[in-house]
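As written, the chains take the letters A, B, C and D, and residue 1 is the first residue of each chain.
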């Protein structure tokens, strides 16, 4: 089945395996006239690339993006934007052992079950490396949304049990620590925890949060294409995510209506506001103009040195220890993936929304 | 935008408003040769219809489904199955006041923001009544999956703070209490809690869980069409859901790799098993053959008698109390909605999976 | 497979069989705020309904359309518009014989080959009656396009060898004869020819042409979603169509570049014009602002009294004569089907086009 | 809008401009386990590449395809197959003049109308060079269909007025002349005609025909996804096509029912046959098991040396003569494009067809 495409108007198709020649994406439906070059995209890729800190794998992937089509004289033309990132550090030799067994927590077994065999080198298509392509396309979505006044604050909310303290929330701090946490104190503690777990030959999970401001009210749809439904799909399509929450999330199941409902009010300037934002900026599937808040919970990196039970090709029950350079935690590198997947979803809803009313259509074509 | 359709091969399109003439669904792509009549569908609708207990609204909706097309001599023909449920208890008069203000927690404001006006009668299209149509189509999906050996156990996991106790889990109990809880003791406590909150003019939230057995390994896709991503979308598209979890869900962010990874093993008969099921039956986006587990957290019914702040059409800040017959909790009626949305998603993945390998295709066309 | 839906933004899903309870359509993605009632739609259905002349079947189908959802206080709400037409003249008895053999030129055999059995009553889903649903939805598309200044002139271009004479082309004449020809003389001759063929127990084919004016330049896309590609699909999806042509059509294969190319020029007011319109209003897949011209060739009605060879259920070679009330020619009734399918396609392209440029998007959201 | 993708299960997305860095395609949904390398694809690209004869442009494009992903150890893995062809002979200098005016018969004007500006180098995205990517992906479709016993005979049916004679039809001859005609005599005459027209600074059109054998009965759908509708879209999406015909095509409008209907019969072995094949292998939108026949009429190359009227950027009416190396006829190079677009469409229908019946599904999952 064809499962590498997402989006209706702003539509991306990714391709490539962890240890193939390259990873890439075709971004179709990007509006014409956007100023765009590799410099707009590279900073996003840098946020997810490995080897940046002791908390991420020391693999050195260059991850330099190249635009192959869709721009002319520095602007997008409205035609597909093809982007490629060559894989420079394939070490197939490292993965020969992996071919012989199923790694717990990975897609090895399920791939074989579906396709009859698999590209076992570094996880092949199911490697986190595939998100490189998403981030490249999502960087374009973020740029467009920024031009329309929509901004993202995306960060690591927690690592293991260590969660940020809202009272210490500092947006600037996010890019000042290697864990992308908006709370320096939490970041320090989380760093210690990661080091400790790494020494224990184990790995850790965590939570990413995105806060999106400046979104016009009314984006999304009422039934299956609810903005929140598409955000959930986009974020849950990131490997290792096991939970997606919007607004107060799981907590709402324990709240009463009077606690959870956000009232409406006009402020002194006559602007319509909500008295709170438990809903996380989406009501009935449509954006309500207030801050959109969503969270994704990531499981711990499944590749660990600690012994694990599994089976091999000779149908034997065995114990394995997975060597190689693996992130002890993928959460910090996933921050930009959550941000860009949210951006792709939001931009698509924003473009689709242009056809919502006869009045809007008539005004557009009167020009 | 067109947002009332979901599914690629097994595809449903719902239509209708809470207080319009009828609610309906067109189910396209249903395989031919399935024995099907209204009797297969009605029991599912009965599970979501109101007026069944003191915990749900006393509105009497008949909700009798009629099949208008797509069957011949008791079997599906492969052509679209159109189903309709007439709205028998429209009381537009009840809703005249609602037209004048925005109800907190509802889609009133966002509808106006998107479309310029709204059908305010009972929430119009954003009413929970729309799910009647989903359930009708989903009943067909459940029937097909059952014939293929796939079974669903869907239930209320918690109401407010009252959660079921796994030690008391009793599948048969689910249909023995009005809250669809598999734990009679929890159901009794939850019932008391609901009565208490109703007296306090408030409402409560809760959590629904689905456990799906017999799913072949390999369903889903590796990137955007991950089985878990589509389940997340399907479930998050149900009104009032603010969190979707698969397997251990949000908890994984606090677990280590060695705690979370499910090992593999052959049992004595040589069957491949997992040593645990933290993953909830999905690895790398593909089903792994073990039980699929997912949870959805529902917020409390937003319509409450308690006073709430809002604004009216005259641009005034006001306080309102919402009268009328509203469920103090929507969770029990939502159980079947979660089940059928999961079934629609799973069946679509199962059908798409038939084209995964050359070997499968060649065998199919050799026949 | 799900094959009853067409369109991306403005999307219709039809359902129903010739001799089932009803025929219907769900129109999703219709912009909000359009004034709409059954009176807008009925005239289009009347153009395709049978029993209007000696040239069409004397079956009396009432074909009164009812809107079941999607409008409120006379205007569209942006939610799905469900429309239904009940089948009033089902005579299943007439079709008992047909169940025993394959009618030449019909879908009887191919239906059995695909689905294993078929609803043989009046052709079931493959009956021309299915187009009732398309016309109902397309009437809405025509209304919207009209409001945007886009107009249709659709007519019977030829019946058998009798073709209209451009020199006598009279738009008003189209609705003055039963064959929808813009040339009274041709219509008279064609009428005689039909009578003659009917007496010979045979049937005749013909050609429908649509001319569409006021289309803004730039609609469509450059590659697979070329406006002409989607028009071709929409028109070729009408039963009995075996050829679709745009502009000069098949004739271009015999023309040279200097004959076929349309030059550009500014007229005295500085308006950009083409010096001719061989292209039929579409260049490189995008509308060029001039009149769009397309033609569809329909085969003769396959149900004829004349003896034909076929096979029956007992695996015998037999000869049959198809009785019953069949149109000797379907072309006149198909005129409105071609028009509405073209309208649905064009409107969808027009809506999609709103997101083509950053400038257009920025202006839209500045409002 | 996103218009560079086609197909539901077997889905291709093309990218690239005539004078950009490269042209490419991502093929998603290709079944796993297909033996595949560049050698399977290159022969198809060679059939469309220029510089092969005096009848095509002497531009030397290397057009060597490279597979970047989706295969492992010589077989497809089920993941996206990314293919790239670098553009080696970009001569942007040649196109500087073209930037200043609108070429008649090209997409220059309509591109500007839609996007506000254009990549004018060699037609950019609207260049015939885009079909390189389609052919690369389509070669994979042809390979799969061949393995299932489905074969293509695609050829030039006519150039200008010179049409092949069925009596001289020789399949082997197709690859023995530079025009891909199955009739050596017609090929010789057509060659002379092209030379003559080239001397007259003009260009010529023609017609391509595809005959497809071995297609199982029942592929396609009954309403919008009729096999013939999707073939029409696929073929009409090729630049310069102005007419698509199936079976007897336009001629059916002049035939009677008794002439056009194909009877059914059992032969002596009890095989079901049709007594003729006016329908071209498709009945009611579904394949009927007999030979599928379709034709596409191509207009003459619009770039000609002969003077033409147009306008320039200074809003002046001017006359131009288009220099450069242009094919005097594109038909021979388009033969393989028609074949591969038909193959992509057919394979997608074949894959979708696997889910048509409960019986087929149950057998598949019993394995």
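Quick note on the criterion: a residue touches a chain if its C-beta (ideal position, glycine included) is under 8 Å from a C-beta of that chain, and two chains touch if they have at least 3 such contacts.
Predicted model, so just to flag it, every value in this text is computed and none were measured.
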{"item": "Partner chains that chain A and chain D have in common", "value": "B, C"}
{"item": "Between A-C and A-B, the pair with more C-beta contacts", "value": "A-B"}
{"item": "Rounded Å distance between chain A and chain B, as computed from the means of their C-alpha atoms", "value": "26"}
{"item": "Where chain A and chain C are represented by their mean Cα positions, the distance between them in whole Å", "value": "45"}
{"item": "Set of chain B residues in contact with two or more other chains", "value": "1-5, 8-9, 14, 29, 32-33, 78-79, 114-116, 125, 216, 222, 352, 355-357, 359"}
{"item": "Touch list for chain B against partner chain A, complex", "value": "1-6, 8, 14, 102, 104-107, 109-111, 113-116, 125-126, 130, 158, 160-161, 197, 202-207, 216-226, 228-237, 239, 241-266, 270, 272, 275, 279-280, 283-289, 297-304, 306, 308-311, 315-317, 352-353, 355-357, 359"}
{"item": "Chain D contact footprint on chain A (complex, rising order)", "value": "1-5, 7-11, 13-17, 20-24, 26, 28-29, 32-33, 68-70, 72, 75, 77-82, 84, 114-119, 121, 124-125"}
{"item": "Of chain A, residues touching chain C in the complex", "value": "8-9, 29, 31-34, 76, 78-79, 144, 147-148, 216, 222, 350-352, 354-365, 367"}
